[in-house]
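For reference, the structure is listed below as structure tokens.
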Amino acid sequence: MIILKYLLVIFLVTTAYLAISFKEELVSIIFLSIFSIILTTLYLIHNAPDVALAEAVIGAGLNTAIFMTVISQVREGKKSMFREDD
Amino acid sequence: MIITMAIILVILAMINSYRLIVGPTITDRLIAADTIIIFISLVILLIALYINIELLIDIVLAYAILLFVDVLIFAKYFEHKELYK
Amino acid sequence: MGIRLIIAYIFMGGAIFFAIVTTIGLIRFPDVYTRIHASAVVLTISAVMLSFGVAIYVWEFYLSIKIMFVGLIFLITNPLATHAIARASYRRKIACPEVRSVDDYSKYLGRDRE
Amino acid sequence: MSKAKHIFVVIVLSLLGITMVINLNKIPGNTDQINFIYSHITNNAVLETGSLNFVTAILYDYRAYDSLGESTIIFGAVSGIVLLLSRKTLPVSSHGLSFIVKRTFGMLTPFIFLFSLYIISHGHLSPGGGFQGGVILGAISIIFSIVYGSEFDFKRYSPTTKTLLETGGALLFIGLGLAGIIFGGYFLENLRFLNTEIGSLLSAGSIPLINTVIGFKIGAGLAIIFYSMIQKTFKEEDKL
Amino acid sequence: MRRKVFTFFITLAIWIVFSGRITDDVIFVGLIASFITTWLYSDLLFRSTNRRKNWAFYFKKFFYIILFIPVFFYEAFISALKVSKHVFEKKPSFSPGIVKVKTTLCNVTALTILANLITLTPGTLTVDFDMRERAFFIHWIDVTTAKEAEMRKQIIERFEGWLEVIFQ
Amino acid sequence: MINHIVFVIIFLLGFYAILVKKNLIKMVIGLNIMEGAIFYWFISITDKGDKIPIVNGPYSSALVNDPIPQALILTGIVIGASTSAFLLTLIIELNKFTDSIDPDNLGRMIKD
């Protein structure tokens, strides 16, 4: 059990680092969902099933949907009204 | 025995993240992410078997139902370039 | 250790074997669509076999059926996910290999566009 | 950001990290107060509330007032989002994914709904409760607008229904609290009106009722958040 | 009406499996839950048909579905073994291609299940479906023949009989 | 000890993303990672290695984990999700005015 916990912790740190260091937002969001499920597993190892269920449901269903919604709506146009002045 | 299988699955998931980091196209990354998520949900199933499966099977079921939504969201984003058309 | 536990461990061991096959296939295969094949078939069977193994290990009526639901959900949804990914990436021309012996689908897409 | 600033940030953050690691070890572990509350809850919670799950017992009985505050925060977030994104129109066209995905999800959706009802109603016997089941309820709306297109979701659950569920859930929660005042002693008191044996579905008094109310409220709230986020934005010439 | 009755009893059975016991409180809450589910979602679970059949027809259908499940698992297992044979080759080399295969089924549910089965069989993956010509586009990992009849025989013929019995 | 170290590393990674990144979505991702680090730390230091806090019948025993921190964190997770939804809505609105998700443009907008 302790080896499993250490492996998952290493994976957690790696995933967090990759989530903030990738340039595309899309890959960052994929890494964020993997971060969330590893966190679920760690909550389960630490005997907190209610928190694990909440994290699983929110990390899998909700967070990805909201982030992808924002990415599909946000556009980086060239004709910004503030950039034209510079 | 059960924990050994869980450890093997976690190591396999870590190996799979090579394809997720390096993968030349976005489809590779998506497939690798799908694989990693399913592996770790199997790890959750094994840990639940180790602790107390009668109460903890709900978590595995909830995750198994909802992780598919992730992949569909990405697939729709690629197909239409806009999510909710 | 009874005969039931041995059968359960055989199922789980098969699942681990197929998981290893998935990993090797995902890393070694040369093309995007062949990697999708590895993920679609072998991974699904691995998940189903693991859940069946756990269900045999537990061996209570309602609980075993409930655990088998996990495998059933993977069995239904995972081919569907791979289908959605393949269709989307082919339509957006994300990873079209240049050399292809038979390709009826691009003609269909071309007809659709006109 | 220039490179010097970058290095400065990294150095400051690593110093902060070292201080945190040193000081986190000095956190006191078990004080008398913590041990008193812990032993009281683990010894008496099952008999006092009828809930086998201690987390649910704390969330909906001992500290139900906190849950009321939390749902107020979610209500505020929903109101803020709807206010910010109000002057927009719905996208008209709706084509989802291929018919294979649509048909399979049609066969899967009733069971997802049933599972969310299961999670909500078994909140005091197994892990789960109003929040988790409510998020799954909201996920059904997300699934509809992804797989079938947003118009399908609009036809099935109109925004009026969602708003009614959200506000009605909040009002029913406060009403349950007032019922505690009227029939018992204090706000949000657990009325053990059905004195069945511990372990059955209806045993824990008002805990399953609060679970149901919170579940539908949170599901409707998340659906409203999602629904107002997917609305179409104006073009530039309309805005400026 | 008939599909509502079916949905009600299926959801009630699954509710009892979820709860794990049969007592009166579980049945009481389960009746309410399955009533709500039936009221909201019964049109998604079963598609409406105009044909009227007697009850023995549905029982025969159910019997065939029960028979079909072991066949399904067997095919999927064999296919996994075949793909894993490819994995351990020294240099995995394929000649992939996307072929078009016509089908005779016309029920939407049958077509959906057939598409999932094609994805689960060795070396084939459903990419799309042409509504006008009723044909699947299948990504095949090893294109051996270019003839239509051969492809039909190799890919979909073994499932079509089953699905035709179940859904027609 | 390992719990403290992991908490500090992940927390500082999220904090670094908030300080340095020139992308508002990345900053919200960093905020989510910080939240996850704090929740993990709180759960892991209050774990005494006992059973899960659900009992199977009416008996009194002190052999379960402390349920109070778990209830706190459960509240925190739901609030964190709604907070990030609100922040992302603000990003959509900001993007409508500036056509970018660079935080520097926010300052420029205020100056005008």
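In this document, chain identifiers A, B, C, D, E and F correspond to the written order of the chains, with residue numbering beginning at 1 in each.
One rule holds in what follows: a residue touches a chain if its C-beta (ideal position, glycine included) is under 8 Å from a C-beta of that chain, and two chains touch if they have at least 3 such contacts.
This one's a predicted model, so the numbers in the text were calculated from it and none came from an experiment.
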item	value
If a chain touches subunit C and subunit D alike, it appears here	B, E
Steps needed, at fewest, to go from subunit D to subunit E via touching chains	1
Comparison of A-D and D-F by number of C-beta pairs in contact, larger one	D-F
Centre distance in Å when subunit B and subunit C are each reduced to the mean of their C-alpha atoms	12
Rounded Å distance between subunit E and subunit F, as computed from the means of their C-alpha atoms	41
Whole-Å gap separating subunit C and subunit F, where each centre is the average of the chain's CA atoms	33
Set of subunit E residues in contact with two or more other chains	18-20, 115-116, 126, 128
Sites on subunit B at which at least two other chains make contact	26, 30, 51, 54-56, 58-59, 61-62, 65-66, 69, 72-76, 79, 81, 83-84
Subunit D: positions in contact with at least two other chains	53, 55, 97-98, 100-101, 104, 108, 115, 119, 126-128, 131-132, 136, 139, 142, 146, 225, 229-230, 233, 236
Each pair of chains that touches, named by its two labels	A-B, A-D, A-F, B-C, B-D, B-F, C-D, C-E, D-E, D-F
Residues of subunit E that touch subunit C when the two form their complex	16-21, 73, 76-77, 79-80, 83-84, 86-88, 92-100, 115-116, 119-123, 125-128, 130, 137, 139-141, 143, 146
Of subunit E, residues touching subunit D in the complex	7, 11, 14-15, 18-19, 23, 25-26, 28-29, 33-34, 36-37, 40-42, 44-45, 108-109, 111-112, 115-116, 126, 128-129
Residues on subunit B engaged by subunit A in the complex (per definition of touch)	3, 6-7, 10-11, 13-14, 17, 20-21, 26, 29-30, 33, 36-37, 40-41, 43-44, 47-48, 50-51, 55-56, 58-59, 62-63, 66-67, 69-70, 73-74, 77, 81-84
Subunit A residues touching subunit B - in the complex, by the definition given at the top	1, 3-4, 7-8, 11, 14-15, 18, 26-27, 30-31, 33-34, 37-38, 40-41, 44-45, 47, 49, 52-53, 56-57, 60-61, 64-65, 68-69, 71-72
List of subunit C residues in touch with subunit D within their complex	73, 76-77, 80, 83-84, 87
